[in-house]
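Pasting the structures here.
One chain, subunit A, links the two complexes that follow: it is found with subunit B in the first and with subunit C in the second.
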Partner chain A sequence: MIKEKAEVVIVGGGIVGCSIAYNLAIRGVDVVLFERSYLASGATGRCGGGIRQQWSTEENIRLAMESVKIFEGLEEELDYHIEYYQGGYLVLAHTEDEVKQFKKNVSLQRKLGLNVRFLEADEINDIVPHLDVEAIGAIGATWCPTDGHANPFKTTIAYARAAEKHGAHIYKFTEVKGIKVEKGEIKEVITDKGKTKTKIVVNAAGAYSREIAKMVGVELPNKPYRHEILATEPLKHVLDPMVISFHDNVYFRQTEHGEVVGGWGDPNEPSSYNIESSFHFIVQMSRLLSRYVPKFRHVNIVRQWAGLYDVTPDARPILGPVEEVEGFIQANGFSGHGFMVAPMVAKLIAELIVEGKTSLPIESLNLKRFREGRVIKEASVVG
Partner chain B sequence: MDSRIWQHPIIDFGERKGREIYFNFNGKPIKAYEGETIAAALYASGVRVFGRSIRFQRPRGWFCAIGKCSSCLMKVDGIPNVRTCITLVKDGMNVEYQDPRPNLPEKTEFECEHVKVETDIAVIGGGPAGLSAILSLNELGVDSLIIDENPWLGGQLIKQTHKFFGSKASYAGIRGIKIAEILLGELRKENVKSLENSSVIACYREGKGFKITAVKGHSTLYEIDAKGLLVATGAMENMLAFPNNDLPGVCGAGGVQTLMNVYGVKPGENALMVGAGNVGLIVAYQLAQAGVNVKMIVEAAPKIGGYLVHAAKVRRMGIPILTRHSIKAAIGKDHVEGAVITKLDENWNPIEGTEFEVEVDLICLAVGLTPSTEILMQIGCEHAYVPELGGHVAIHDKFLKTTLDNVYLAGDVSGIEEASTAMMEGKIAAATAAIDMGVNVEKAENLRKKSLHELELLRSSPFSKRVITGKEKVYSLMEEISCG
Partner chain C sequence: MEKKDKIIVCRCEDITYDEIVQAIREGFTTPDEIKRVLRCGMGPCQGRTCMRLIQRIIAKELNKNPAEIKMPKVRPPLRPSPIGLFAGEKNDKRES
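For the complex of A and B:
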């Protein structure tokens, strides 16, 4: 049977929910997490695992930089191998407009202390030798060597195990069906396996967060979008960084095991909860990959799958409390880049719950911003 | 060394083998015959180690011989990770050991043919189930196509040199290879559309129908649009857990049968058979027929699982069958050199002190099969774990409909059974597909009724009890689902 009472209930066992559970548990909070399927079954287990600090808005850059600091010590902190690898991120520019924007990004990023620089076209092959720079029409790139990637399954499991070690209760295959609210205050969380009394609920249900919010009468602007991705057979290590192009909406990297994992965002994808794989994707993606790296032409694809981006109107997450319901904390709307910022976001959410204040300001990421029209769109996304 | 079989009591390999050709293995020329797979030709010339494992660099040989286990991967003409057991050898081909984690292929030129095909029903798998399904579909006038990843259609039939049991309608008394010939003869006569040597690698739902992709020989991509799917992908042989079970020379019994009866290569000199079900008994007998010294058959259960006729044949050849015995470990460095056998107590635990060693270069595992249900899982059919049917199977009803509209299944993929029942299921699934499509409904209903009756007769022996229990489980799950 599930626990009768908890100080905090987290909905969702992805990277965000599990890392928050850990951060609360080490602060001595009595926390329960519900996941309706297995851990990392949502976007997390389906994601590219990329960790990038090269963003265009200050919050995102700071969040990502702080996360990287945590990632650097995470294997030790959680005592688990998460395949963290700082192979860098190569962000390709294909147009003069992109070059202009990227140079602007680089100067903001450098101002915030990031080790990043702009590369001319002829410098790109020094970083990724097999890339066909001419064929893909890249005229420049930005390069940050401390970006990287990790295994999203292992990172989630690492957080969950450590959270449990510190007293968190994690219930898998347990679906949240409703949340009881009285006079604007949370009373209990109702699941298909029983009820848990609590005053605080963290909504970390990824693309399903808006459904959770509906349970308490809160409207979130988030929309789900399918994103497809594939993995090749394992190869000897040939690729250090994650390579990404916003122009072609494509990214790829090589895992520790040796597979090349990469995705392409279809600009015509309608919003839906569909996560079936398509033939269209595999054709587009293989064409792109073999154009980017001609030597990929004879490499076999062994798997393809899809997951949901949880997209907000400004492509930035929604963090913190809401006005209508006390104790209803948002940690969602990551718009396709929630894995990389989760370690820091989790710390901030735990600080907010335990101390009532955060070590980095998250005010500007509150749900309010959409109502007040304070929206600055993040430009550096694979949409 | 050449371990090809030329004299065989049942098969004329001399007639079967094609032109003599040469290919390069790690730079050295090796003789082969057209129609052999790379792995068969290598095995015939004494090669036992085909590759190394990724993590511990352990030697890898072949296990299944039908493209299902990927332990035979090699670099062929510059392309890594080729399944050499289902790739036909060609004159002048370059075959090499590959690094377990291969290098990026150097080759960048790529000629790929992209062929689009449309059909009403795509039959995946050309064993007895798939073949009788496509023949029935054809007879009922349903436009259909059959796809198989092995070089030849026929599935397991093409290696079964023994006479079949069962009823007359299911070719009792005829050898499996003859049944394959009969079915394939009809197929050719009727001009049925078929794609051999083409692996179905993915399946998508598109609109109301399906899109499947199949690849042939690394160079042709078939994009097949179908209104319905009939999946008859058969089964994969089980592994058994014991130290060194991954040594080259530990093979599936069916894999050994393929090497021996399809490609005419003697699989070893001294063999141990693990499992005394029908498969173990039959393959042990056929090994002896091919001149292999079968030292013994060990069986963990207290009694022989297979038919007594088969056991008697084996005993007459002087092969001992040890019940309540099992393999404890394989011995060898780069390939099997022996095995440790142990006696088991009533709880199937090894009895200490009863171990003894046998000197063998081949260990055949005949310890059951698992349905090859990947395609049905991928497309989204609901599954259940049913031990009586061999593992996870797509939930279905007695008409062989799955939980998805227009997706049918037949044969071992629906539960491990026999070729005779697989053929009946093929007919039933085909008739159901025709009925659902509204084509030749009356004729299809008659065929279905007749075949259901035949199937019932085939399952009337006490040996079918287990399967019937399993089938009833899935039928009732199906009912639960369709009643919401």
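For the complex of A and C:
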């Protein structure tokens, strides 16, 4: 039987839901989390695990930088090995327009205290020796050595375990079917295993957040998009940083285990809940990888898979309350970068719920922005 | 038990019977979760050798019928194949 009553109910057991559960539990909140499958079964367990602070908007840079500070101490804080590794991120520029934008990004990032610099084309191989700079047409890059990656499944489990230690109740294989609202206030959450009375619901259902919001009559602008990714056999360690190109819509890195993991965003991908793997992807990704690192031609691909990006019109997340229903808190719409900002986002959402105010401003990320037309698009994304 | 401890269930990733039972007792109760926490099923054989065994171990631990334990999705490609092959390169010989 599930718990009859809770102060807060979280829908979704990905990185966002589990990190919020932890941040609430350590603040003494009585919290319940429902995940319809296993933990990290959604986008989180399928994601690249990349952690990047090189963004184009101040708010994303700050969220990512604060998250990195948390990631740096997270293994100790949660007492779990999450394969966190600061190998840096190399962001490639292929056009003069990109060079101009990247230099602007670097100056904003540096102003906010990030250790990042612009590299000329002939400096790129100092960072990643095997990259064929000429063949890929890179004319510059930006480089931040404190960016990195972690294992998304293990990070989620680490947060969930620590949350439970602090009293959170996490129910996997339990699906939220409805949310009862009376006079604009939340009364209870209905699942396939029973009901839990609560006044506050956090909507952290990733690409399915739109469906959860519909249960209480709130319309979210989020759209799901399939995003594909693959892994090679393990190689000896040759690649320290994550390499990423917005121009080619591609990124890849090497895991602690030695596999090269990389994804390519198909610009023609229609919005859908499809997460089947395609042959088209494996061909495109292989062409890119063998052009980027010619040595990879002989490396075996062992598996490919796909997950859903939860995309908002401006590629920025939706955080905080909504006007129509009291106690209905959004923590979704993370597009292709929810893993890396989750530690700080979770802290802010917990602060909002417990103290009613946050240590970094998040009003600009409220759902209201779409209704009021205050939209600044994040430029540095693999779409 | 002494002997079972050393039984290797996943040869590719060198995972023992005992490690799998421990993971199940820690709450990783599906083949999907075991795969992600222990890496068994992620080796070159992609779980062809070990996943059925893991399904049976879970069934035994949870007192269920193996048929009730859902197996992870088989992920393409069916056999590990070189990047150059998918990229459509003619000469796929290994350089020395």
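Observations on the structure shown:
As a convention for this text, the second predicted complex is superposed on the first by the 383 of 383 C-alpha atoms of A that agree within 3 Å, B and C clash if a C-alpha of one lies under 4 Å from a C-alpha of the other, contacts with A are read in each partner's own complex, and residues count from 1 in each chain.
In this section, a residue touches a chain if its C-beta (ideal position, glycine included) is under 8 Å from a C-beta of that chain, and two chains touch if they have at least 3 such contacts.
This one's a predicted model, so the numbers in the text were calculated from it and none came from an experiment.
By the touch criterion defined above, A:277 reaches both subunit B and subunit C. Look at A:153: by the touch rule set out above, it reaches subunit C but stays clear of subunit B. With both structures placed on the common chain, the touch criterion links A:40 to subunit C but leaves subunit B unconnected. Once the two complexes are overlaid on the shared chain, A:287 sits against subunit C while remaining clear of subunit B. Applying the stated contact rule after C-alpha superposition, one finds that A:258 touches subunit B and leaves subunit C untouched.
In the overlay built on the shared chain, the residue A:304 is in contact with subunit B and with subunit C. Contacts of A:233 after superposition on the shared chain: both subunit B and subunit C are touched. When the two structures are aligned on the shared chain, A:130 is found in touch with subunit B, with no touch to subunit C. Taking subunit A as the reference, the larger set of touched residues comes from C, when subunit B and subunit C are compared.
In the superposed model, A:165 makes contact with neither subunit B nor subunit C. Of the residues of subunit A, those at positions 233, 277, 279, 282, 290, 296-300, 304 touch subunit B in one of the two structures and subunit C in the other.
Subunit B contributes residues 54, 78-81, 99, 101-110, 202, 204-206, 211, 213, 218, 223, 380 to its touches with subunit A in the complex.
The residues of subunit C lying in touch with subunit A in their complex are 30, 32-33, 36-37, 39, 42, 44, 46, 75-77, 80-89, 92, 94-95. Interface residues of subunit A, counted against subunit B in their complex, comprise 130, 233-236, 238, 258, 276-279, 282, 290, 294-300, 304. Interface residues of subunit A, counted against subunit C in their complex, comprise 38-41, 45, 153-154, 157, 232-233, 257, 277, 279, 282-283, 285-287, 289-290, 296-305.
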